[in-house]
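Which chain is which? They are A, B, C and D, in the order written, and residues in each are numbered from 1.
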Amino acid sequence: MAVTLVKLSCPDRVGLLAALTGFIAQHGGNLLEVSQFTDTRSSWFFVRMAIQTETLDMPLPHFREAFAPVAAELDAQWTIRAAESRMKVVVLVSKLGHCLADLLWRWRAGELSCDIPLIISNHDALREMAERESIAWKHVPISASGTTEAFAGLAELLRELQPDLVVLARYMRILPAELCREFAGKIMNIHHSFLPSFAGANAYARAYDRGVKLIGATCHYATAELDAGPIIDQEVIRVEHFHTPEDLVRLGRDCERLALARSVRWHLDERILIHGNRAIVFRD
Amino acid sequence: MAVTLVKLSCPDRVGLLAALTGFIAQHGGNLLEVSQFTDTRSSWFFVRMAIQTETLDMPLPHFREAFAPVAAELDAQWTIRAAESRMKVVVLVSKLGHCLADLLWRWRAGELSCDIPLIISNHDALREMAERESIAWKHVPISASGTTEAFAGLAELLRELQPDLVVLARYMRILPAELCREFAGKIMNIHHSFLPSFAGANAYARAYDRGVKLIGATCHYATAELDAGPIIDQEVIRVEHFHTPEDLVRLGRDCERLALARSVRWHLDERILIHGNRAIVFRD
Amino acid sequence: MAVTLVKLSCPDRVGLLAALTGFIAQHGGNLLEVSQFTDTRSSWFFVRMAIQTETLDMPLPHFREAFAPVAAELDAQWTIRAAESRMKVVVLVSKLGHCLADLLWRWRAGELSCDIPLIISNHDALREMAERESIAWKHVPISASGTTEAFAGLAELLRELQPDLVVLARYMRILPAELCREFAGKIMNIHHSFLPSFAGANAYARAYDRGVKLIGATCHYATAELDAGPIIDQEVIRVEHFHTPEDLVRLGRDCERLALARSVRWHLDERILIHGNRAIVFRD
Amino acid sequence: MAVTLVKLSCPDRVGLLAALTGFIAQHGGNLLEVSQFTDTRSSWFFVRMAIQTETLDMPLPHFREAFAPVAAELDAQWTIRAAESRMKVVVLVSKLGHCLADLLWRWRAGELSCDIPLIISNHDALREMAERESIAWKHVPISASGTTEAFAGLAELLRELQPDLVVLARYMRILPAELCREFAGKIMNIHHSFLPSFAGANAYARAYDRGVKLIGATCHYATAELDAGPIIDQEVIRVEHFHTPEDLVRLGRDCERLALARSVRWHLDERILIHGNRAIVFRD
């Protein structure tokens, strides 16, 4: 069964859902899933709808065209996409391979339905992992103090590829603010702490020093401000006094992998809508 | 702001949500919340909608009347209720007071918005807890082997009160199948294990004997078959080799209280739809 | 069975546990439980031992006396206590009653074995909860900007009572640093966030604003620095985009109650050893 | 730093820990970690000790010899092993690769310190995963109704290799009772349900049919009775009404991987002691 995904957010008003579902019904569309949320504090409306494509009375491009004036009238941000079309995902890594390995395994297993045209790294350590899966690999060295200029090559690569998602899978460099803005809502970072605790570097060592009893990981969209973008998912695990900083690193890896894998899946499946600094996530 | 809650389930068909939201829009209704689920395996449609009452162009009884033919046409089971109207909840207890104490505390704190016209017990142990809160208390002794006849008095009480919910808060008697059928979907039981493990009596002792590493509690609607009704919520906690059976009882109490309190809240808030032996729960 | 609890920490050296258990064996002591931890980073040794009192060849005060030179030789901090002796616990509250209600319920149920000679509050709102349980209640008003002088009366009360534990059960005032120092390791605070995130006031509102996907509570010992003392326990719960700030408050209450109740129990049971800013907790 | 691991269980008696730690101290041994548990219900004593090898006054084989009469006197079951010596682990798989992939990744990353001389499968589907890691692979086809005779070749392989651990990583065949007995305490199975719920086949489908709100995985030692051996670890994840049976399979995979990985690690690190049908696990 082919599925069409509609994602939309707009200022709230009376009759919104009726108007939208009415439009779909008018075109014969069978709704398989509707997830809706109204933020009464900001008076904003969010919806994700899955339509059985075969029931629509026109092909997708026409349907999109027909929908455009409706959405314009609502001042809406929206996308309509065939669920079967695969997003383009570029992964950025450094030396730590656990997140990449996990993503690749889930991708192979069919949990993550997307294309991965390229993996980019500032080191050459994980090249073999890419090659095993016959994925293109690009080594773009960038020093720790990498300026916007240093990132020019990387930015060029992304502009050429026009990915639907860039995953920072423990990429140990801070992207320039301009780049985050250019690809706003399309760059996802996994941070190795329970944000807003321990933003920045050395999160596990600082968690150890503070003597916390739970550690975690946070997946969020990257914005100009470090580790401050919209949070998509968080995961925690209990730790005790006998866990060393090295144990925290080990246990935290599982948190990172789980939070990142879920977040990527939701992005691919059009389950996330960003509003200001908040992520509305219709979990699956 | 007054809120009208619509809960409906019916066989699935194209245009259902459009028809329903269209009907509401036609009467000026502002939708505050819509939770929808289509079970594609059984082709069944479920929805819960919260409408801002003041925006409706007619009073609730008329709206209900106007809706009746729409629902009939859909072969739907449905209710329309003012969120402000308080459900009548009768609690049945025995000697263990932790669930009752928790419910009463949350009720006082405003987490559970309902009336509690009566607490019934087969012992007199917890009478003081009811009296403290000025709730009527009825001692209806029933032996462990209580037959349908033994339950006649209890059944009579329930028939008189016509509660919207009967909570078995660690009530240590098995209700007769007839009574479960008569109040189907309105009797909620908290079982002290992670069902279907350890249905029946002595669940913690049996969990200890099996050497499980997680214990739990299950809240479900009571049906004719013991501990086999639709599951509403479950809660677990990790245990280790050093926990005695008494520790399991202690730790399990917190699981029971949390799973029961959430389930009651969802029932009061019309968030649960029963379909066969499954509970569709639009969690809050 | 009577039980003697030994708690000890000291610089690490070879043969420590042998020396300690040997001393106990020499006096006929049957060890029921031994929990031990060596912090190899600070070369510090921690142990908690439970001895069957009846097997000791001398009464407790003599045993303590006999042990003193052994401990002195080790440069140890230690306590030896009859598990049956009940600690004196003073609870400080303000207007929010959920933590107090929970503690009192567990105390009545026997989960917390202690005496509660007094509840102190800067408001009179929860007086009835104390009176119901026949616990003394003292209203000590302190303004939000309470200086050390303002706390003089409170300090005097504590000095008179010499409690083994002071529980800040959502007490909305910041204790003066001097008071924290005077009762170091004896004042326990429940903070309504997952520390170090959102230390200070309005933690739930700030968590909502940040858009976190998990909220939590932290129980820690109070020190001169606000919300920065040794962490005893933390608890979290998942939240979603549809949860309002009010929902966070409601859901967080359960985290607060669980983390606080466990921490109090461990303190009463001599399961916590403080070392610098870390709490070694032998959980039960 | 080299580490010697001592694991011992025996009937309880006064002075046990003193005798054991005294023996170690007498030989100069510096204790790094001591985990102890006394089961007062069965009067049985369990201990795991980690000694800094260099501090012992004799080489390991002599120390073991010197310890033998002490242990004999206590009627103890025991092992003394250099932590650095790597256990031999044989993995049995079928067609599902997620557990194997996870184990291999953790093994490569250093989380699991062991040798893997052979992977055995009743299908040839995952051969490439073994070859990638240069691990020997053996295809031993066995039909679903495999009798003891059918398992003869497999049994022979295991007898030759004498592994310290056999991991059934979603191996879809039931080992003959004789084989389980021959390698008692050395065969670990990951079962795809929260045991004792849904023992046997099709666990996820049955969990779906029952409408549970949490699913899980259980890692246990294999015994003659199917899915009834000592439980090592369990993991759960919350599911909702919208999760299909296929979703349960997907979500359950993460539970299986986590519970299995932890259990294998604990076995390798001598953290598990079996007593009757219970597993005492000194978690790390």
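The rule we apply is simple: contacts are C-beta pairs under 8 Å (C-beta built on N, C-alpha and C of every residue); 3 or more make two chains touch, one makes a residue touch a chain.
Not measured: the values here are computed from a predicted model.
The set of chains in contact with chain B as well as chain D comprises A, C. Comparing the chain pairs A-B and A-D, the larger number of C-beta pairs in contact belongs to A-B. Note on chain placement: the centre of chain A and the centre of chain D lie 36 Å apart, centres being C-alpha means. Between the Cα centres of chain A and chain C there is a gap of 41 Å. For chain C, residues touching at least two other chains, in rising order: 33, 37, 242.
Against chain D, in their complex, chain B makes its touches with residues 37, 39, 41, 194-198, 210-214, 216, 230-234, 236, 240-242, 244, 277-281, 283. Chain C makes touch with chain B in their complex at residues 33, 97-98, 101-102, 105, 109, 111, 132, 242-243, 247, 250, 254, 258, 284.
The part of chain A that touches chain B in the complex is made up of residues 14-19, 21-22, 24-26, 28-38, 40, 55.
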